[in-house]
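Here come two complexes built around subunit A, the first alongside subunit B, the second alongside subunit C.
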Partner chain A sequence: MDLLLGAVVLGVLLGCFYAAVSVGLSVSFGLLDVPHVAHPAFLVLASYGVYQLNESYDIDPLLAGLALTPLFFLFGLLAYRVYYETFERRGSDAGVRGIAFFFGIAFIIEVLIILQFGVDQRSVTATYIGKSWRFGEFRIPIRQLVAFAVALALTVLLAVYLSKTFMGRAIRAVAQDEEALRLMGANPVRIKQFAFGIATAVLGIAGALLIIVAPVEPTLDRAYIGRTFCVVVMAGLGSISGTLIAAIILGVAESIVLTLFGASWAPAISFAMLLGVLAVRPQGLLGR
Partner chain B sequence: MKRRTFLGGAMAVAVAGRGSSALAQQPPVKIGMSMAQTGGLAGGGKASQLGIEVWRDDVNAKGGLLGRKVELIVYDDKSSASETPAIYAKLVDVDKVDLLFAPYATVPTAPLMPFVKQRGLLLMGNFSFQVNSKVGHDMWFNNAPWGPADSWASSFLDLGQKAGGKNMALLAADQEFAQNLALTARDVAKQRGLPVVFDQSYPPNTVEFSSILRALKAAKPDIVYVASYPPDSAGILRAVNEIGIGDDVKIFGGGMVGLQFAAVMSNLGSLLNGVVNYNTWLPEPSMYFDGTKEFFEKYTKRAVEAKVDPLGYYLAPFGYAMGQMVEAAVNSTKSLDQKGIAKYLREKEHKTIVGPIAFAADGERKETATLQAQFRGVKDKDIEQFRSSGKQVILFPDKLKTGSLISPFEAARK
Partner chain C sequence: MTKHRNSIVFWAGVAIFLAAVLMMTQMVRNEYPFFAGYVILQFIALAVAWSILGGYAGYVNFGTNAFFGIGVYTAVALFKATGAPLVVQIAAAAFVGMALGFGVGLLTLRMRGIFFSIATIALAIIIETFVMNWRFVGGAAGIQIQRPPVMAPFDSYVKMLFFVQAVMVVIAVSIARYIQNSRIGRGLQALRDDELAAECTGVPTLKLKLVACMISGALISAAGAPAAMYLQYADPSSAFNLSYSVSALAMALIGGTAHWIGPVLGAILLGSTQQLLAVTISSEVNVLVLGIMLVLFVVGAPKGIIGLLRPRYRLRAGGKP
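So, the complex of A and B:
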């Protein structure tokens, strides 16, 4: 019973971390319909940025992640503009060619990281990494609690931004009906570009959480493609609160399987759950 | 200047000139291999390659092989087993290489074995584990010090049992190398009547090990044998530090790949203390042979520029030793005939910078030289500390031993 309770607690923490690394994709893929397969590569790039700031200037990883968000915002604006001009503007086969474009970007990022940092694993130091909080026999890694708290705050903030602010509502509107927005005099491309910038900026913080939770290496993005897309699709495209719920379900399921049923089954969990959700509710947990 | 001295000097210059031009004119001896430059094995692959390159430069400075320059042809296998068969087919059929070195590690090497056996090719193995056990190719020679298949697990379990261990836990990655290690550990435990109270394999890309460690701790094992790959080893040790492992554990470690690499060791720092893990070469007094010191002087200078493991203990000297063995075989047989080289390698004992090497019939070492060493007194964020002796005390094998086990594990961590 203790083991099961522990697995659920650790699973919730892991799930919130999965939400943080997926929530940007929920905007770019879920709301904007951009086949952003380079999302995990952007995430790993952010982790290396955090590593560099931590290593060279001894800046706390979370602060380093925060410092990177404006840079990543600009990077997102640029990436979307190139994608739009090269693919989206030209027509109907943008989807498939767009996937190739983002795969290309992911590959370039991988190579650049290898050239700059080499292939070895990198990790950061902070007072909360490597220690745990003790409740009797039960211990929780503090880095996971930090990741949990920051991830939760990040997801809630983004959900509030998209539902309460003018720009956030515009982003939702462009996702629902781009043509109607154009008829009302707004420029959907600019709004989508701004939204893509936000989705990328969020990765500054998510990248910090990634390297706080575990060491990173240049090809780590490949491990996260499946998980992040699974969370976003399972959540219901574009649903931020759905992303949090789906990620927590995935985290708890993985943690229970790892603890009680054998680790070998864990990778199958995300896809089994995805198939299950799509079979019963094709629009995702909170999709419309 | 006396006439005799002048003539002697002129002749020396002429001979040297003719020698170097002959070296330049003849086609090179081509040695082909794939090596992980990207992916999870790249850290090891690059260090291994640099070790081989140091040998290439040394042998070329001595005049090459059979008076021909040695050239390496290397392709990136991306740490993937699916890449290597095509690469080696190209090396043999298109690049027409004279000799083959295997890629670093078990996973990319395993699918090559049927190919080299079918074609009757010599393959110098590079740190794979038991890839020839089912294929039975008689022209395979592994440079790794593993020795007989069960010796690795036996040495670790011996240490654990001598410290009072009565049962064991087994945690292994779902990778060929780790699974082979786990398999032999299960066999050895069965032979000894040692109960296995926890036996789990975890998949590659496991993000978080806290849950697995909680389950392992709940089984209350005495001996914890871990067979992990570099991306996981750090995660497991971190979780051990955070979740705890229990006071029953006498010995922890055994087969964790990654704890031999400078970047991982530096990242983990004091978390390494107490862990007993396998290794291949360490800067302990018993580990220096002819040329070892000179090799590391050359390697250390080049490693920084190449952005490769600055210590390079684990693989690099064995890459060099692989070259030394081929060099001795070619010079002795005065030929590049692969069957002749294989016969020489099989029958002789070879002097290398990692000590004497003799091969058993299966192409693995006759006698194990795999070290089991305990991390002690390691501080955080200091790579240089690992260059001095005493940080990784050798517990096994006896002839290379430099200290005794500190147990239980929790006491050894302090």
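So, the complex of A and C:
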């Protein structure tokens, strides 16, 4: 019983972390409708950036992640520009080639990381990594708590930004009716580009959390394709509060299966849940 | 009349190709060309098979590795249990691949675009996880395969596999060619251009997609079946490697999917470049080249090599007069 309770607690912590790595996809795929399969690859790339900064200059991983956000913002602006010019503007056949485009980008990133860092696992050092708090029977690693707190803050901040600020509302408006926005004199493409930049910038912090929670390897993005898309689809496309709920459900499910059946089944859980959601309730928990 | 003449030219080409392959196995002493050639032939079969669903119908399947891995492990399990000969292994793999295609199709073919693509990745990982936990075929650690003695007229097993894979390329290409020219192919192209319009004009879209998914799956699994014999080894993470999915998709898109010759050209071009790079540089650089070529072609030459060679296809595949 205690074992199960511990699994649930760890699952909630893990779930908030999953929310942070998925929330950018919730904007780029959920709101902007871009088939962004390369989202997890950008995430792992951010982790390696954090690793490099931590390794060479001994910068705290969270600060390193924060330092990467402007770079990733620019990265996002550029990626959307290319996507827009080649697919959205020309219109036809955007589906097939757009998906193939991001799939190719993900693979290029993976190989570049392998060429630069090799296939071994990499991890960061910080004062809060390696220690844990003891609560009676079970222990909670402090790295998990740090990731949980930062992830929760990040997700809530982004939700507030999208619902309260002018730009945030513009982004949601462009997702709902692009034509209406154009008629009102706004430039929907620039708003979308900015939103894509934000969605990518968030990955700087999320990448730091990824490498704080556990060591990373170049092909880790493959497992996160399942996790991030599972969360975003389960949440209902574009719903930020749904993202948090869905991520916690996934975290708890993974944690319980891990405790009961062992680690060898872990990779399939998020994908199985994703298939289940797509088959049963494709519009997600809080779907439109 | 021209259609009839086309057929004669095609089958003459097939006969010449198979005769040349057979002659090569009898005359060339060095084994290396067969090692490299086998891989290129395997990629041609995969790219052509992928394009039946991905190219004609426009459903981007990321799960080539699931079908490939199922082919590998059907062969391995059958060989370990009964010692069945290669032909039986391949036939069984094709059958299992077809059954899987039917199941995958029923579950996912109602999904559009990215949802279908992600669902196929999901299936690949779920199946891989099952195989990893399956003790009989070695689990995550993999399994060694002892090749049976080679059959006449071949003097080495690799040469025989090379010939077998050449036959599979011929089968895959003739099926793809047949589909392209038949009602199935026209129906698939109609639903790719506008699924709703196709449905409204009476095209049985789901049935056609299911047929395409089953044929494509059967061919991919069959092409994967001899892989364990080729490597004398099988393990889940290489049998279900995502790079099979990227390769099949990239080769088909780079070659062009409006005509069956596209995937063949793409696979020959990229496959031989990769074999060359693998020898001279490294296997990582291979994948990098593949990825960069895929992105460049998708952005710069939407109709692939055949679109560059023959502007006619650019128009036809674009769906505009």
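Assume the second predicted complex is superposed on the first by the 266 of 288 C-alpha atoms of A that agree within 3 Å, B and C clash if a C-alpha of one lies under 4 Å from a C-alpha of the other, contacts with A are read in each partner's own complex, and residues count from 1 in each chain.
In this section, contacts are C-beta pairs under 8 Å (C-beta built on N, C-alpha and C of every residue); 3 or more make two chains touch, one makes a residue touch a chain.
Note that the coordinates shown come from a computational prediction; the quantities given were computed from them, not determined experimentally.
Contact with subunit B, but none with subunit C, is seen for A:G6 once the two complexes are overlaid on the shared chain.
Once the two complexes are laid over each other on the shared chain, residue contacts for A:S264 go to subunit B and to subunit C alike.
Contacts of A:I114 after superposition: both subunit B and subunit C are touched. In the superposed model, A:G104 lies in contact with subunit C only, and not with subunit B. Touch criterion met: A:L275 reaches subunit C, while subunit B stays clear of it. When the two complexes are overlaid on their common chain A, residue A:K131 makes contact with subunit B while staying clear of subunit C.
When both complexes are overlaid on chain A, the residue A:G168 reaches neither subunit B nor subunit C. Subunit A residues in contact with subunit B (one complex) as well as with subunit C (other complex) are 110, 114, 223, 264, 267.
In the complex of the two chains, the subunit A residues touching subunit B come out as 2-3, 6-7, 10-11, 14, 110, 114, 118-123, 125, 129-132, 139, 141-144, 213-215, 217-220, 223, 254-255, 258-260, 262-264, 266-267. The part of subunit C that touches subunit A in the complex is made up of residues 54, 58, 60, 62, 107-108, 111-115, 117-119, 121-123, 125-126, 128-130, 132-133, 140, 242, 246, 249-250, 253, 284-285, 287-288, 290-292, 294-295, 298-299, 302, 318-320. Remark: subunit A residues 29, 35, 37, 82, 86, 92-93, 95-97, 99-101, 103-105, 107-108, 110-112, 114-115, 222-223, 225-226, 229, 233, 264-265, 267-268, 271-272, 274-275, 278-279, 282 touch subunit C in the complex. Listed in rising order, the residues of subunit B touching subunit A in the complex are 37-40, 42-43, 46, 174, 200-208, 210-212, 214-215, 218, 230-231, 234-235, 238-239, 241-244, 258, 261-264, 267, 271, 307-309, 380-381.
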